[in-house]
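My structure is below; once you've seen it, I'll send some questions.
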Amino acid sequence: MTRQVAVIGAGTTGFRATTPDVSYREMTYEAAKKAYLDAGVEPKEIGAFVATSEDFVEGYSIADEYAPDQLGAALKSLYTVPGDFIQAMGSAVMMLKSGLYDIVAVQGLSKASNMLTKAYLTEFALDPIYNRPLKQHPDYIAGMEMNRYLFETGTTREECAQVVVKNKRNAMFNPLAAHACDLTLDYVLEAEMVAYPLSELDIAPYSDGAVVIVLAAGETAKALSDKPVWVRGVGWCSDSPTLETRDWGQAMYASLAAEMAYKMAGIKSPRSEINFVELNDEFSYKELQHLEALRLCNPGEAGVLTMDGATEISGSLPVNASGGCLGVGNLFECTGGQKVLDVVLQLRGEAGRNQLKNVSTGLAMGWRGLPTTTGAVAILSN
Amino acid sequence: MALTERLQETTQVGYWTGAIPLEYVYTCGRAGEAYYRNLMNKGTFLGARCEKCQITYVPPRIYCERCFDRLEKQYVDVGDTGSVHTFTVLYKHLDGTPRDKPAIMALVRLDGTDGGVVHYLDGVKPEEVRIGLRVKAVLKAKKNRSGEITDIRYFKPVA
Amino acid sequence: MGLRKVAIVGAGLTKFHRYAQETPKELAYEATKMALDSCEMTLDDIDSVCLGTAPDAFDGVHMKGEYLSDGAGGFRKPYMRHFVGGGTGVMSPIHGWFHVASGMFDTCLVVAEEKMSSAFPHPAGAFLTIFDHTTEQPLYPTLIWIFAIEMHRFMHKYGYTKKDIAQVAVKNKANALFHPSAQLGAKITVEDVLNSEVMAYPVNRMDISPTSDGAAAIVLASEEVARRVTEKPIWIDGIGYCLDSAYWCNRDLYYPDYVEIAARQAYDMAGIKEPSKEIHIAEPYDPFTYKELHHIEGLMLCKRGESVKMLLDGVTQRDGNLPCCPSGGALGVGNPIAATGLMKIIEIFLQLREEAGERQVPGQPTCGLAQAWGDLMQVGTVVVMRS
Amino acid sequence: MLDADLIAKTATKLSLKEIQEGKVLSVKDKPNLKYAWDNGVAIGRYLAELKEGRIIGKKCHSCKRVLVPPRLFCELCWRPTDEWTYVQDTGTILTFVISHVNWDASRVKRGQRYHTPAVIELDGAGKDQGILHLIDEIDPKDIKIGQKVQAVWKKPEERTGSITDIKYFRVIKK
């Protein structure tokens, strides 16, 4: 019942804005092959698989049909979590802790470039009775949320813009990232307004790519891996989904998901026990809102910390050293997969020029994007 | 090696196009039926009150999401006036093209409730909108109402 | 291997209708509320929630798991959706089992919902886009094609006739007369099935379950909690699930290997050596008549090629030696996909508690099984339960 | 125990007419969900070969199957596939259907031919290695499992690189 769980393998294709040379199957096969090679396992040794997808992101009515083949999971135990990769990872952790399996693989995939009507897609996630008939670009929800967040915390547009500058610059030295840029604060502040106070550059662009990780239960992990990365805590949570009654200023889902993960990991003081964070920044303000929700700083402090450089790679609490969604890209369900991947790479000392010094515990946090109020957190240690 | 072959010339690249060919009719449900009938007939908004949780939902629901008590007998008329809980000025259409005139979108927290309506603001300049602004619903003429959220034309400031 | 014991302690179901007025959230709420009430629990007692619902294309909401969360009791709780197409309903208690068996939660609310009537003009249209977008959709395939293709292969292999298979509809629709949620309970004859409209030979209209709106919910609990809240916990003793390749034309469709593999997993876990003797009652998935037989064979409840004999001998009747679909199944109760699978779990739960009323099978069953199927003739999900 | 009275109150039965005539309120919507899926290596080659009037698969030396549609990996052996291999455009009907319904559940109009889709095991691909396609040029009543069939192709200038470059399969001997 107290079985420990570790990441023993990770594989990715890397991330690009478009990937016209490979099908989604070929892309996933590549990530899976790398993950299994990294873990030193064959699919037949893997007890079960968890895939992530949402039907209309992939363009199928039943997208889970197309998960098994490229994972080596045909005629094996596999199910799909239509959720963030970190939720699926939570599912895998439960499966391993139950004692029924020793090795479980988790898959995330984005062929975002193949989905041509993304605004309509997000709009189709709105309540059909109360919200959808307005037929407006769903970025208005992010604009409204950003406005309320700035109002409640005193955070400024400049502080949000600094998140964009930082993350896109971090991506410059992450060879996996698709949207690296070296920008000035002024350049970001002058970007075209989309939904005041949200501008074009506050919004993470999309990317394609796949991530597969292999998780194993304690003894198996130790036997198979020289450098297991332990999943000390995992948590997930959904707040009220309705626009009319949800919390618009604070990310309650992230707070509650983090509390679950902290409790499991025995973390009492996140700020001193977490060394670095990869969290969801699909919109610039989300990085700040999420940092506060994770209790890594007080409400209203995240912007100040960002301006002070505390969240830079060289800072006291590096946030999105990979470049985050703003620099790597929004990967739909795979977004949390990129977060987990980068925490694993950092903890193994494999993060290249963005490698952080002396880190032993990292936090990965996912959010399901507009218009949802669902988030997930994983805490990993080497 | 993961893939034994890769396309090596741009002219080999190809794609296949398609769409999801479906249409939908969504019934408004038990609570939605009451909400929109009330809006059509009385021009006001209906909420659902959970005394246990001290919450008034707008739109109303048949249940309290927090305690799961039934609220179908707890519907209350909450009027048509409230204040701007948050807003945005939207510069593009759903298809991504720029708007000639930006739309002001807001969550209007109806007075005495914990819910409200997401809709347009009008009769006010974008730069004059503030969180907390007092607003009131402007509805279509009664005969033109069909029991949809678009029976509301917009919310406008009240003195 | 010392797995944590997990029990079902409460259950709720809505009425199934072709067109229900309730929104998907409202349907989910009604089933969930009933499940909580049935074991005198409230949302405060619930540590985690998992949701089973099949394609977004039915309810017509992208990411419908997010949309449904409050109706399913997920407000500010660890809430997660799982999805294996038509097999989702029976995957639901499996996913719930993971929650409780992990030791991370003591209770898990398991909810399944489907509102198929939102899709117009007919939810069948949603199935065009389950086929491979590039290599199959250009031929405009339908769901009925793929079932008829499989049914024809199954009949061809064993020499089964349409008349034999029609008996499944007669049995299940009659059983459903006693199910309070049923949409299509009826006293019909084999001739009625054979004379009903030909949809796609060999499938006639009455070989097919209806499209439905409905929801179902159960409450799972750890042994400690279960013993506290009920005198009649029903234990989930075996789980299994398996997904075959999406290349559905690259295998012989007469036999569902994926069901057999899932069943073997569940039997191994439950310590079952001779399923046809040790399983007293079963709810195989019956979206089409032949599917019940196909699945009975895959579940190894009879030898391959003997399911029709079993049916014609009355073995699978409610008063037979191995009652199958005593609820009335998808054919009789209705088929709101994910909710149907969980309805089957609930039927076994009630039967093992001897609370099935007029549907109660004789002989005090102590071990039952529910199974669902899904995707492109691909998914098997199996749960073995004991009193 | 399920309480029939309680269950009866959980959901309100409507008819299609009641919804369409507005007896209860409803909202209509038609989603705009469009895609362009990358063909990638294997399917790209498959479509290009169809345009040339050929069916290509990829062989797996481990399980000896020729995979059609081709893929770069064998999903059962979990290894890269081996050489590209043409299969014949003839084959055997493994199973088929006589469908009176169209994809959207509407019925085939009177006077029109019923759809007769089949799973066809292509010669040269291996046992049970089929593809989905249509049968034509025969009265549906006369189609039998086990019949030999051959692809009827569109004219070269009409082919676009699609599975529909094969118009249908026709029965070549009883």
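Letters A, B, C and D mark the chains in the order given here, with residues in each chain numbered from 1 onward.
Everything that follows uses one rule, which is that a residue touches a chain if its C-beta (ideal position, glycine included) is under 8 Å from a C-beta of that chain, and two chains touch if they have at least 3 such contacts.
The shown structure was predicted, so the numbers you read here are calculated from the model rather than taken from an experiment.
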{"item": "Of all other chains, the one whose Cα centre sits farthest from chain D", "value": "B"}
{"item": "Chain pair with the higher count of C-beta pairs in contact (B-C, A-B)", "value": "A-B"}
{"item": "Chain centre separation in whole Å, for chain B relative to chain A (CA means)", "value": "28"}
{"item": "Chain centre separation in whole Å, for chain D relative to chain A (CA means)", "value": "36"}
{"item": "Chain A and chain C, separation of their C-alpha mean positions in angstrom", "value": "33"}
{"item": "Shared-contact residues (touching 2 or more other chains) in chain B", "value": "3, 6-7, 13, 15-16, 18, 20-30, 32-33, 65, 148"}
{"item": "Contacts with two or more other chains, residues of chain A listed in rising order", "value": "20-22, 26, 29, 56, 59, 61, 68-69, 74-75, 114, 120-121, 124, 128-129, 133, 240, 242"}
{"item": "Where chain C touches two or more other chains at once, by residue number", "value": "19-23, 57, 60, 62, 70, 75, 118, 121, 125-129, 132-134, 245, 247"}
{"item": "In the complex, chain A residues that touch chain B", "value": "20-22, 26, 29-30, 33-34, 56, 59, 61, 114, 119-120, 123, 128-131, 133-137, 139-140, 143-148, 151, 192-198, 240, 242-245, 248"}
{"item": "Interface residues, chain D side, partner chain C - complex", "value": "1-4, 6-8, 10-16, 18-19, 24, 29, 31, 35, 37, 39, 43, 46-47, 65, 67, 69, 75-76, 94-106, 115, 117-119, 128-134, 140, 145, 162-164"}
{"item": "Complex contact set, residues of chain A against chain C", "value": "1-2, 54-56, 59-62, 64-69, 73-83, 87, 90-91, 93-95, 97-100, 121-122, 124-125, 127-129, 235-242, 252-253, 256-257, 260, 264, 368, 371-374"}
{"item": "Residue numbers on chain C that touch chain A, as the complex places them", "value": "1-4, 23, 54-57, 60-63, 65-67, 69-70, 74-85, 91, 94-95, 97-99, 101-104, 118, 126-130, 132-133, 239-247, 257-258, 261-262, 265, 269, 374-376, 378"}
{"item": "Residue numbers on chain B that touch chain A, as the complex places them", "value": "2-3, 6-7, 13, 15, 18, 20, 24, 26, 28-29, 32, 55, 57-59, 65, 85-96, 103, 105-107, 114-120, 126, 131, 148-150"}
